[in-house]
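Both of the next two complexes hold subunit A, though its partner changes from subunit B to subunit C.
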Partner chain A sequence: MRRRVAVIGAGMTLFRRRLLETGKELSFEASRAALDSAGVELKDVDSVVMGTAPEAFDGVHMKGEYLLDGAGGVGRPYTRVYVGGGTGVFIPIAAYWHVASGLSDVCLAVGEEKMSSVYPHPQGAFNSIFDQQLERPLGVNLVWIFALEMRRYMHKYGIKEEEIAEVAVKNKGNALAHPCAQLAAKITVEDVMKSEPMVWPVKRLDISPPSDGAAAIVVASEEVAKKLTPSPVWIDGVGWNIDSTYWTDRELAYPLYLEKAAKMAYKMAGISNPRKEIDVAEAYDPFDYKELHHLEGLQLAGKGEAARMTAEGITQRNGELPVNPSGGLLGVGNPIAAAGMMKICELFWQLRGEAGKRQVKKDARTGVAQAWGDLMQFSSVVVMRSS
Partner chain B sequence: MVPSRHFPVLPRQSIWEQIPMNDGIAIIGFGYSGFARATRSKSYKELMFEAASNAYSDADIDVRKDVGSFVCCEEDLWEGTSIADEYVPDQIGAALRPTCTVTNDGLGGLATAFMQIRSGLADVVVVEAHSKLSDVSSKDDVARFAYDPVFARDLASDPLMLAGLEMNRFLHESGNDREACADVASLNMANGLSNERASYGGRSTPAEVLSSETLAFPLTALETSRPADACLVFVISSDRLAKASKNQPVWIRGIGWASSTPWIQSMDMAHAAYARLSSAVAYRMAGLAEPKADLYEVDDTFAYKELQHLEAIGVCGEGTSGKMIRKGCFSPDGDIPVNVSGGSLGVGHLVEASGLHRAMEACIQLRGQAGRMQIKGARSAIVQAWRGLPTSSGAVAVLEAE
Partner chain C sequence: MSRMARSRYDGVEITSKELKAQKYKIFPFTARFNYDWSTGEAVGRFLAELKEGRIIGRRCSRCGRILVPPRMFCEEDFRPTDEWIYVKDHGTIKTYSVSYLNADASRAEKPTVVAVIALDGASEGMGFLHLLEEVAPGKVEIGMRVKARWKPKAQRRGAITDIASFVPEVS
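Let's look at the complex of A and B:
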């Protein structure tokens, strides 16, 4: 029953702190770029999948319906999927089942986020993600709980802030080669250490910025993909998993839900030894420690070992396992649902050898992209292969 | 089929192909909780737990072992929580399992489950949707926030404004009259008297419906569905498990969903274009040359919507629905039984759970378990859902029991 599914086009907008375009316009620009890249028109699209994170950013109820026309959904089957920060890498998974099921030949998958509508800062909107009775009264925000997780991770494996800062240095540096990047910079570990503490041990340069932006891909069945391009990039594995809501009861040092999501995707893709078989990884990096955390959950590093891998240069763009050659969320920016899609776009370009100055040194044939969301509780994983 | 200015194309013929019944996907169990104007003694999590437990026991599955994926249907602002999907896993047995949210009506969730199974990603998928509207103290404000913040929200100081406009346009173009809409409200509330799940069953004559308070001219209060609380959980499976199910499986023969424009300024207010397209897709998949079924559960968020939807999905021709309801065609003992359950006007409106509720009422009929409401020998049903104001999105499912 299952059909093979490929990505045949990708496109994205600039990622910026404040863009003048509306969410509809951002969706349109990314969709248009993806369709152009695939060489198809909107009339060729059978269905549309949209991903975008909280309505609280835009102050629009049923935000998916609002964004519908920008994403090309008028007159078609249109669905919005939503798994918090994990949405970006979940959009291609939903597009996958639209096509693999045989119900669509061509599906347009769009991720959009406009965080700048929230004044003075989107962290205010994030208070509403917490439990109404138990947590909101504490005045919590995301940096607060991620600081707890970072601290737990450092404590459990004896990792130093300086080792974690290496990730920010690498990703912001990688982003210098990304034309859409918001916070590309050449910085040092010392710069990170000296930056303003937000919630200890998280400092300003440990965090990705709030951003506006959109990214899109065109997904097609094998038959259509082979007609349209000599180099489709196959979606060979998908996985997703959610853990309990009660994050206060969980071991925060290791993302078990991600291990399960990754294993689901690897099994589907026939990957038994991810560390050997994955050539390039786009791991979710809204904070620098998250890249390390996620490499471990993705089974690309042993528990507590990702910092050493980073120190050894293995995850550099010219390394043995390039991680976030795009520049990641730390460098390119973090318009939530669009940020995950940016990672899918990057794999598409890397696996086709079209990443230009960002192209990894090794011959990359298999890549993995991952995003993370909800209350430190959800992960989505996609494995892609070149032809 | 009614031509529509804004909806020129159908999906290409190469897709949405007919699915043979023996290669199908079926509803093997369902459960519910709530169905009251307010469920004050239970939280939404408790409602979800209760409905899920009922569904798993009805389907005779072990949720820890048998389920491959969970799909929840919800919208943040109705939940009062951003990223509301954070709060779903524990009470439905989904912790550390593949679980996602579609911000859609429950029928959209059913479509998602359908695709996941057809893709081989899971053999058994659980779909959940709920309404806890009794917790929402500012329903009108939430509804208003669905309007475009720049171009439409200021016009929608009362979010029902659009329903009044649309009703006017529908009646004008179709030639139906206000009395027909009042007949719908009167019939559905009366049908609700036979449904133990109905919060608003009652006897109101069409004249009483017409003379009830005008909410947005010409729409009156009794033509407008009122809120209720409920949770519904469905268990969907591939044919492999469906055939071994202890229950009579209800096959999803066809399912379609579609959207028209989000711009209220350019909506085709006379014709529910989303319903027309989604029904065309569902019928094609089910191999239905014409929309014939033993019963119909269609969206009646407002009384006029039932008539508009019946015409859009081809159950009756344009402008004929009013005459048909007057003749009693849509009554439980008529030729085309519509909303025998009482629909949203009789049972109460369940926001994103509305479509799943309509599907469940159809399943209960197809299993022959509808008691006083039972349509004798019912074997097939057409279910249609709409996402509510100000959207033009909806879905249609064709259900069949062997």
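Let's look at the complex of A and C:
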């Protein structure tokens, strides 16, 4: 039988375009902060899950092994997981397996990314994700595919760039209250519209930055959690799903794979009406349009309706359904695997009422975090609840 | 120093100015690898057909889909596909974008229009990525009819770039 699983501690480093610390050092700092937050020591940890993105960022192969010592994995069952941008929210899912199955009582889950090593720009390191014979010879840049998806989404539902820009304004504004944030700013829709085009319709302020950083949580069984804290945050649902790698054959306007992942997680959590039952959402926002796209896939907005919800202020921190009160990837930064984990940390703090200046106004008991990746084909979803 | 006395959020930022001034020690490395990729059965034939000025797909007789780009197996029915079928070298724009970036993220001198094109003769939704030319970026529309502009036969190499680009069907 499945055991109940809780998050009992969370920690993270600063997110910056370039940090002095190595990936190993960042992993250590985040792991140490999470253990301190949980009030446990490494000797109490039964297993470790590490998540980090492609080797090409670092020029180091065996990245899991490279980061091992900094993530507390030595002498333990240790696993590296990787599902592209979806990795950050997949790490807690893999940690969940360890504890729900009874294999571990305490599992340390760590996400790390150091994107500053590769130059001139980490986007170049992404070129090897594309089909060798059919796409790379065209000179493909990573942003192409997101621009193609954004354009398709706008076309299908009649969404304007200005409506999408509202998300960047909100998230960068929310990040002003996050002490780790890289790109917190008070900006306007006009600023977004006037920022230079990268791959239209994607403009500079529609997109999250490359970042260095790490984030970690401690996951424990119900028995251990109740001994250590009066306020565990339960992982009540997990879901993940992947669509075909033939992305050009897909209807890009709607993330069906996310709908499947979300329904898997909601079913496990006993949620039948997510729009009513979810109090706070950390939806994956590497681009502003992605927050809207993902709210629809998460069943928190009808198809094509997330822009209207945003315009009505529903997704503001003090709104009816706060979305990305952390500041998201657009504001806090996007060290890939660590960025998804930052969202899990944020839910942990929000659901315990420990988010300080970022605390949502409503009494938040149930939250959902989500990440997305690979060739626009994968999503991971975690539902968390306070006691 | 006690752990709890530390700042909760570690990290020392290196600004681009500090990086240039080499305030901190860095250690450079350049990776260089060479590969000879097998193109496989499906894409190998697809590329050979491009050299002849034709676009080929594969049909799965169970679901009836004509798959472009072709594959030797149907990922839905999970069985071998059954036959080769030529599709048209014209179709409809499913989505497009205008790139101001080169592959390495440096700024391009002039914008490139890229599009996902659904080809006539393939199953609904089947498409591929290519470049779009002979149309101003502001004039491109989803649903626009386009056709392949082939390179002269002598210049074709059995590559996706044997199609120089797609252009509007009616200019």
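Just so we're on the same page, the second predicted complex is superposed on the first by the 387 of 387 C-alpha atoms of A that agree within 3 Å, B and C clash if a C-alpha of one lies under 4 Å from a C-alpha of the other, contacts with A are read in each partner's own complex, and residues count from 1 in each chain.
Everything that follows uses one rule, which is that a residue touches a chain if its C-beta (ideal position, glycine included) is under 8 Å from a C-beta of that chain, and two chains touch if they have at least 3 such contacts.
From a predicted model like this one, the values you see are computed outputs, not experimental measurements.
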| item | value |
| --- | --- |
| Which of subunit B and subunit C A:R32 touches, first, second, both or neither | second |
| Which superposed partner A:G319 touches (first subunit B, second subunit C, both, neither) | neither |
| Partner chain(s) touched by A:G59 [first = subunit B, second = subunit C, both, neither] | both |
| First, second, both or neither for A:G23, with subunit B first and subunit C second | neither |
| Contacts of A:G328 with subunit B and subunit C, given as first, second, both or neither | neither |
| Which superposed partner A:T13 touches (first subunit B, second subunit C, both, neither) | second |
| Subunit B versus subunit C as contact partner of A:Q132, first or second or both or neither | both |
| Which superposed partner A:H155 touches (first subunit B, second subunit C, both, neither) | second |
| First, second, both or neither for A:G297, with subunit B first and subunit C second | neither |
| Residues on subunit A lying within both footprints (that of subunit B and that of subunit C) | 59, 132, 244, 246 |
| Touching residues on subunit C, where the partner in the complex is subunit A | 3-4, 8-16, 19, 24, 29, 31, 37, 39, 43, 47, 67-69, 71, 75, 94-106, 111-112, 114-116, 125-131, 137, 142, 159-161 |
| Subunit B-facing residues of subunit A, complex | 1-2, 22, 43, 46-47, 53-56, 58-66, 68-69, 73-84, 90, 94, 96-98, 100-105, 125-126, 128-129, 131-132, 238-246, 256-257, 260-261, 264, 373-375, 377-378 |
| Residues of subunit B touching subunit A in the complex | 6-9, 11-12, 14-17, 23, 75-77, 80-83, 85-90, 94-104, 108, 111-112, 114-116, 118-121, 142-146, 148-150, 256-263, 273, 277-278, 281, 387, 390-391, 393 |
| Complex contact set, residues of subunit A against subunit C | 11-21, 26, 29, 32-33, 36, 59, 116, 120-121, 123-124, 127, 132-135, 137-144, 147-152, 155, 179-180, 196-202, 212-213, 244, 246, 248-252 |
